[in-house]
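Read from first to last, the chains carry the letters A, B, C and D; within each, the first residue is number 1.
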Amino acid sequence: MKTLTTDALTAVKEVRDGDTVLVGGFGMAGMPVELIDALIEHGAGDLTIVSNNAGNGDTGLAALLAAGRVRKMVCSFPRQSDSWVFDGLYRAGKIELELVPQGNLAERMRAAGAGIGAFFCPTGVGTPIAEGRETRQINGREYVLEYPIHGDVALIRAHHADRLGNLVYRKTARNFGPVMATAARTTIAQVSQIVETGELDPEAIVTPSIYVDRLVEVTP
Amino acid sequence: MKTLTTDALTAVKEVRDGDTVLVGGFGMAGMPVELIDALIEHGAGDLTIVSNNAGNGDTGLAALLAAGRVRKMVCSFPRQSDSWVFDGLYRAGKIELELVPQGNLAERMRAAGAGIGAFFCPTGVGTPIAEGRETRQINGREYVLEYPIHGDVALIRAHHADRLGNLVYRKTARNFGPVMATAARTTIAQVSQIVETGELDPEAIVTPSIYVDRLVEVTP
Amino acid sequence: MSSKDDLARRVAADIPDGSYVNLGIGQPTAIARYLTAGSGVILHTENGMLGMGEVVADEDADWDLTNAGKQPVTELPGAAYFHHADSFAMMRGGHLDVCVMGAFQVSATGDLANWHTGAPDAIPAVGGAMDLAAGAKQVWVMMTLFTKSGEPKLVPSCTYPLTGKTCVTRVYTDVATFQITPDGVRVTELHGIGFEELASRLDVPLMQV
Amino acid sequence: MSSKDDLARRVAADIPDGSYVNLGIGQPTAIARYLTAGSGVILHTENGMLGMGEVVADEDADWDLTNAGKQPVTELPGAAYFHHADSFAMMRGGHLDVCVMGAFQVSATGDLANWHTGAPDAIPAVGGAMDLAAGAKQVWVMMTLFTKSGEPKLVPSCTYPLTGKTCVTRVYTDVATFQITPDGVRVTELHGIGFEELASRLDVPLMQV
């Protein structure tokens, strides 16, 4: 039987230079800070990071950016009151930005996890986001063709896991975690507690174990 | 505040001749039998029914078919050991069949509920299902373009509801219910118990109230 | 002229009972304060929740429970959580009755510009605005009608990059409320300004109620 | 020649520990009986569950808990339920390690035909077979090698309507086991038949292990 539980540094060891890493969280809610810290220590660089925001303050994703490990950010909302690390790199031309509407970010990862090759999406029609992209009228409405975003690795934070890797989340910290878990080749989840298999309600499991490859317990 | 709770016959009153009705259930698990009985009593005809199967035995969907109310079935698996009602109508040329692979059935309704105009799907490539349809190579793989299935009304069965219309399901009776609830203009849910608002765990609600228009309590 | 609080109160009063509503970050967040419990209005936040309550002070914060502006909020009875793909499917699929957003500009045909000034050195950030613009049944805007330098923000055609086309149906401002209809822009309320004066300050043809 | 039980036992033995597996309706369902608890194999059923247990008698049935063949089953510790779109996203997205299905025909290049005989008066029914064929990492087939009238079911090219193209990687039959590789069909096991005799009865070029 697979053993999922490990420490943060071991968990992130397979991240390679040039990988695409999906990082959960909406602001700090659901942000896998300890996994990101381990990724910084691990040292992989030239990364593409897919995450809703581009780091807050000087910790977590912002610290990864500050360490010069990120070639490109794919996100919906890089500019925040405390996104000074990203802002500085961007203005200095030291980081590439692919701006994706938040719903497209989620749906494109959902498509990756669900084996969808591409989808026609109404978001962004007639805006700069749609420029140069394939569009189509379907039933009188215009759509833009959007492609999946696959990750090599996903780093997410959940609330509890069982030993098989089933996950439940807590309140709005759920956000991108379940979608990213489906879209990456390897999913690493940081959880505040690992319980025995059978202790989670099968009706309430949000991420089934099939999507989870490593578990790191980080007691709050 | 909206009042959702009503009796089965009142609930289905707005089904019109010619409507597309999404009917939950996989075999009998999750089949909203009492709502279908009410629909038979209500009398709307010329219906298109979207459901995984085409009726079992002589009750539920089979009874609706036997009553001559269905012009077309959209389903993945009409032929079963006890699907004699459908079989007879089909062989007599009295009903139209659109055969849809089960995953496409689910994903096409999901697309309807999620505002996706169409999607490229790998299922059925190179098979009769794909004949005459638009296909495309994306990243070296072939896909078939699939369109949403919208319902005028969805009839589903859930386990418990709260008074707002939040739903939880029971075991594999969940099946198509949550997807159909998103894909129809009006969703009518038959539940075995309506509890007070606040009694369902917000982390475990499967169908949020926004997708539910009528609740019918059918005590088992 | 209406204060920001008056504006929020007016928008709140116009939201039909029982609606599912998304309030954009910034000014529209204040609308929540004027929604009565009896209205049955249920608030959606795009980071994965229906049944969101009010913003709370940092010392009462649960940082796993925030709104789209990342402020700590409360959970009301009947709340439900869901992940981001489900949350945006809800928006994009046309299930939200109303969303209210701020704007840089709204055009006479309901085009919305609220994510980018177009300044070459600006860092673009769109968040969920384009998804809301494309998905909500009704898109309402809440803004001041003029910029600080006096330029109108209700314009014949947006000069800022668009968020969505032909999506805004109502514009609530400090001096007037507008309905954007297929026939044109109709003024439905005036606040301390006459119709003629308003019309003279805008380049958009106006209809009176 | 292997009995059906032997066949199920052999397939079970080849499933790697810890795999996520979907067993098709009919014969493949029997494989579950030969999976040991210690293997950590987790069964998926397309009607929305991981961690499915064994088939139970009707008198012990919970009819809200069934497999894809609509037989009552049990729930194992660590089970999880999900809706149909999520279940097929799991399949289509390539997350299942193995699925095992029955077949009318398998071609030398791994094409699968298992949903329709092509008879003009047959009522077609596909269920989840095409989704499994398109989605599982490995598609294994379990079937008798010959029809009752002696026609081979491993063929140069399928004459029945296809379920999926180039998807089958292994074929378990009563007389032999085959691997379908890009280089051709390799015989990996023989059961009461010699390689030469097997080769003479099939129109498909065979490689020996």
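By definition in this document, contacts are C-beta pairs under 8 Å (C-beta built on N, C-alpha and C of every residue); 3 or more make two chains touch, one makes a residue touch a chain.
Computed from a predicted model, the values in this text were never measured in an experiment.
Novice: Between chain B and chain D, how many steps is the shortest route if every step has to go to a touching chain?
Specialist: 1
Novice: Please compute the C-alpha centroid of chain B, do the same for chain C, then give the distance between them in whole Å.
Specialist: About 34 Å separates the centre of chain B from that of chain C.
Novice: Distance between chain A and chain B based on Cα centroids, please, to the nearest Å.
Specialist: 33
Novice: Could you grab the centroid distance between chain A and chain C? Build each centroid from C-alpha atoms only and quote it in angstrom.
Specialist: Taking the mean C-alpha position of each chain, the two centres sit 28 Å apart.
Novice: When you check chain A against every other chain, which residues touch at least two of them?
Specialist: Residues 107, 110, 114-116, 121-122, 169-171, 202-203, 206.
Novice: Counting only residues that touch at least two other chains, what does the list for chain C look like?
Specialist: Those would be 75, 81-82, 88-89, 91-92, 134-135.
Novice: Quick one: do these chains touch in a line, a ring, a star, all-to-all (complete), or other?
Specialist: Drawn as a graph, the chains match no named shape, so other.
Novice: Can you work out from the touch definition every pair of chains that touches here?
Specialist: Applying the touch rule to all chain pairs gives A-B, A-C, A-D, B-C, B-D.
Novice: Could you list, by residue number, the parts of chain A that touch chain D in their complex?
Specialist: 1-2, 110, 112-116, 162-164, 166, 182, 197-198, 200, 202-203, 205, 208-211
Novice: Please name which positions on chain B make contact with chain A in the complex.
Specialist: The contact residues of chain B facing chain A are 107, 111, 114-122, 136, 138-139, 141, 143, 147, 168-171, 201-204, 206.
Novice: What part of chain B is in contact with chain D in the complex they form?
Specialist: 26-30, 52, 76-80, 86-87, 90-91, 97, 99, 101-107, 109-110, 121-129, 169-179, 206
Novice: How about chain C: which of its residues touch chain A in the complex?
Specialist: Its residues touching chain A are 45-49, 62-66, 70, 75, 81-85, 87-89, 91-92, 111, 116, 121, 123-131, 134-135, 161-165.
Novice: Which residues of chain D touch chain A in the complex?
Specialist: For this pair, the touching residues of chain D are 17-18, 20, 38-40, 42, 44, 50-51, 75, 77-82, 88-96, 134-135.
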